[in-house]
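To keep things simple, chains are lettered A, B, C and D as they appear, and every chain counts its residues starting from 1.
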Amino acid sequence: MKTILMTGFDPFGGEAVNPALETVKALDGRVLGDTRICVLEVPTVRGKCVNRVVQAIGELDPFAVICVGQAGGRAEITPERVAINVDDFRIKDNEGNQPVDEPIDPNGPSAYFSTLPIKAMVEAMRSKGIPASVSNTAGTFVCNHLFYGLMRYLDVEGKGRIGGFVHIPYLPEQAVRFPGQPSMSLDCTVEGLFAALQAVLDNRTDLRVSGGREC
Amino acid sequence: MKTILMTGFDPFGGEAVNPALETVKALDGRVLGDTRICVLEVPTVRGKCVNRVVQAIGELDPFAVICVGQAGGRAEITPERVAINVDDFRIKDNEGNQPVDEPIDPNGPSAYFSTLPIKAMVEAMRSKGIPASVSNTAGTFVCNHLFYGLMRYLDVEGKGRIGGFVHIPYLPEQAVRFPGQPSMSLDCTVEGLFAALQAVLDNRTDLRVSGGREC
Amino acid sequence: MKTILMTGFDPFGGEAVNPALETVKALDGRVLGDTRICVLEVPTVRGKCVNRVVQAIGELDPFAVICVGQAGGRAEITPERVAINVDDFRIKDNEGNQPVDEPIDPNGPSAYFSTLPIKAMVEAMRSKGIPASVSNTAGTFVCNHLFYGLMRYLDVEGKGRIGGFVHIPYLPEQAVRFPGQPSMSLDCTVEGLFAALQAVLDNRTDLRVSGGREC
Amino acid sequence: MKTILMTGFDPFGGEAVNPALETVKALDGRVLGDTRICVLEVPTVRGKCVNRVVQAIGELDPFAVICVGQAGGRAEITPERVAINVDDFRIKDNEGNQPVDEPIDPNGPSAYFSTLPIKAMVEAMRSKGIPASVSNTAGTFVCNHLFYGLMRYLDVEGKGRIGGFVHIPYLPEQAVRFPGQPSMSLDCTVEGLFAALQAVLDNRTDLRVSGGREC
C-alpha cells in the first residue's frame, strides 16, 4: 500500500485552533484505492516545521506530500502554485522568530513550483461543490517557509516524490472573532481536500486549463 | 403547542438552489420546547410572496414569523434591522417585474424595524461558533419587499405576533461559480438559524449590546 | 441668489482629518448659476450636530441641505437613500456618547427617504469619471443621526426645502494607516460633489433608473 | 546625467486607458538630482513587451528600470517582490495569445526577486500620504511576464542595472464601470511613483522592515 503524507500546523497568531490541523486529522488513516493517508502535526516555527516533515518522509516513505495551512481572509481552498525563497514575517512564529527578508536556503533557487496537479485539484473540488482556486502566493510566513523547505528537500533528495501546499480558510468558529471575514466549515475542507487527493492520484500530469490571474 | 413560521424563497437570478429554502426545509417540523417550526416556500415575486405568507399566517396562527433570504457576497448570517418602503430592483424577479423606486405600500410608513431580538439572535449564533452580524440594509429587492410586507401586515393585523428577516450567505456549491465569494455550508446555516430561533424564544426583549456600524 | 448648505463633520475615531470636512471646505463659496454654496462644520456629536444645522438653516435660508460624512471602507461617493430612526453606536462619538438602540426622535417616523435626486447625482458623478453608487444604509452612528435629524426638521418645518446625505471614502493619507482599504483623493471628492450639486439643481424629479441591490 | 527607464503598458482587457501608461507619461522627462526619467510605452503582448524594453535599455543605458502595470481590484500602489517563470493567461493579451502554464524562459530560473528597494519605496510613498504595500504576486499575465523578462535580461546582461515592477490601481474613470472597486487618481499615482523613484535613488540597500504577509 502506498502512503500520502499530509501535514497541518498547530495554532498560531492567538488562535485556539488551526483549520489545517483539524482538517488533516479528520483525514488521518483514510484510504483511496491503494493509498493510505498519514498525517503529521507540525509546529508553526521556521526550520523546525521542515525538519519534522523531512523526518516523517524518511519514516513513512510517502510518494506525495501535501502540507496544509490556514489562510485567514480567503474564502476558498487554494492549492498554491509557487514557494519563494524568502522569510519576511509580519508576525512572530510560535517560538518568537520574526526574520525580515532572509533567504530560507541561501543555496536554494529563488522559487519552487508545486509538483502537484493543482489545476486538477481545483477542478475536482469545484466538481464536488467546494469553492477552490489556484493561488499564486503562499505569503512569506511559515506556510511559505514549509512549502519551500519541502520542495527543496524533494528536489535534492531526488526520489521522484511529488509535493505541494494547500491553504484553507478560517473555520466558522474562528471567523466569529473577525466580523465579515469568510470561513469554511470542517466538513467542506475535509471533503474538499479528500477530492483534491483523489485528483492527485488520478492525474500524473496536470490539466491544461487556465488558473491564472492578471494580478 | 406554539408555532413559529419560517419562510424561504425559491431560486432566482439564474441560481439552481436558494440557500434560504434549503435551510428552512431542513428545519421543518423541528421542535424547541413547546414550539414547532413550520416552513413555507415563497416565490421570488413581489406581491405574491407577501400574499403567500399572509395566507399561511392565517392558517397556522404562528406567534412569530421569520423570513429567510439569500445574500450573495455576505460571509455571515445577518438578521436584518429594518425594512424600507421601496422597491428598486436591479434585476428582474421571477415573474419579470423590475420596479424602480416604487413604494411597496403607498399608505405604509417609510420603514419597519424588526420585532425579533436581533442582537440576541446574533449572540446566540456566535456562541455556537456561527459567524453572524446585525445588518442595517435588506436591500431593495424581493427580500426587503417581503420583509416590509410582512411587517406591514403584522402591524395592521394587530395580534402581537413578532416577525423579521434573516439573510444567509451562498451555499458552497453556489460560490463555486463566483471565485473569491464567501459561502456557508448548509450545516452551519441550519445550526445558526436553529440557535437564532432559540434566542427568539428565550428573549422577549432584546439584549442591550451594540450591533451598529458607522456606515 | 439662492443658497445651498453643505455640512462636514469634524474628525472622529482617532483620525486627524475628516474627508467630508475637507471636501466641503473646498467647495465653500463656489457658485453654480444663481446658487452659492455655504459650508458649515458640525461636531461628531449626537444632538449637537443636528442643532447646529438647524440653526444654520435659520440663518442662511438654503433651499437645499446636503450633509457629508466619512465612510471608511467604501470606494465610491455614495448618496444615501434612507435615514433610520435609531442610534446604535459601535464607537463613542466625540463627546463620549454611545447609545444602543435608542430612537433619534421618539415621536418621529421610522425612517426618512432623501429628498435629493440621488440617482441623478450618481449619474452626474459617473459621467465625470468619479466612482459613485446609491447606498441603502447610512449606518447607525452620527452620520445617520444627522441625516435623520435633518430630514425630521425639514419635514416638520415645512417650507419645501430638500435635503439628504452623502458618504465619501477615506482620503489617501488616511488609508495609509489601513493597508488594503480604498480611498479617494480630495480632488475627486470635490469634483464629484460639485457634479452632484449641479445634478441637484438640474433635476427637480429624480431619474427613473435602478440604483437598487439584492442585499 | 543618469537615466532611469520607466515603462507603461497600452490598454488591455477592453479598457480605454491604462493607468500605468498615463502615470509614466506624466513623469516623462522629470528630473531627480542628476537623474532623468525616460518613459517607454510597451504593448500588452507577451514576448514583444520584453523585446521593446530590452531595445530601450540598449539605447538609453539606464541604471534602473521600473515597469508599471494596472492592478484592477487593488487599492494601493504595490511594488512587486517577485516574478515567476510561468505564463498562465486568464484572458488573451493584445495579440490574442493565451498560454497556459508555459515557462517564460525554459532556461531561466523559477523566479527573480526585484532588485529595487521595495520596502523603502513603500515607506516613501506612505510618508507622502499615498497608500502603498509590498505585493508578493504579480499575477501570471503580461505584467509578470515583462517583470520576469526584464529581470532575466538584467541577470544575463550583467552590467549591474537594477529593476523591478510596480502595480497601480484603476483610475477613478475606469472604476466607474466596476461599482465597488477601488481606484486611485492620476495625481496620486504620479506623486506616489515619483516618491518611489526618489527612494530608489536614496537607498542602495533596502530597509529592514517587514512587508510580509501570512498568505
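Everything below uses one rule, namely that contacts are C-beta pairs under 8 Å (C-beta built on N, C-alpha and C of every residue); 3 or more make two chains touch, one makes a residue touch a chain.
Protein identities per chain, from UniProt: A, B, C, D = Pyrrolidone-carboxylate peptidase.
The structure displayed is predicted, hence computed values, not measured ones.
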Just curious, how far off is chain B from chain A if you go by their C-alpha centres, in Å? 38
Geometric centre distance via CA averages, chain C-chain B, whole Å: 29
When the centre of a chain is set as the mean of its C-alpha atoms, what distance in Å lies between chain B and chain D? 47
Any chance you could list the residues of chain D touching two or more other chains? none
Chain-level touch network, classified as line, ring, star, complete or other: ring
Quick one: which chain pairs are touching? A-B, A-D, B-C, C-D
Within their complex, chain D touches chain C through residues 75-76, 126, 129-133, 171-173, 175-176, 179-185, 187-188
For the chain B and chain C complex, residues of the former touching the latter: 13, 69-74, 81-82, 84-91, 98, 100-101, 109-113, 119, 135-141, 143, 167, 206, 208-215
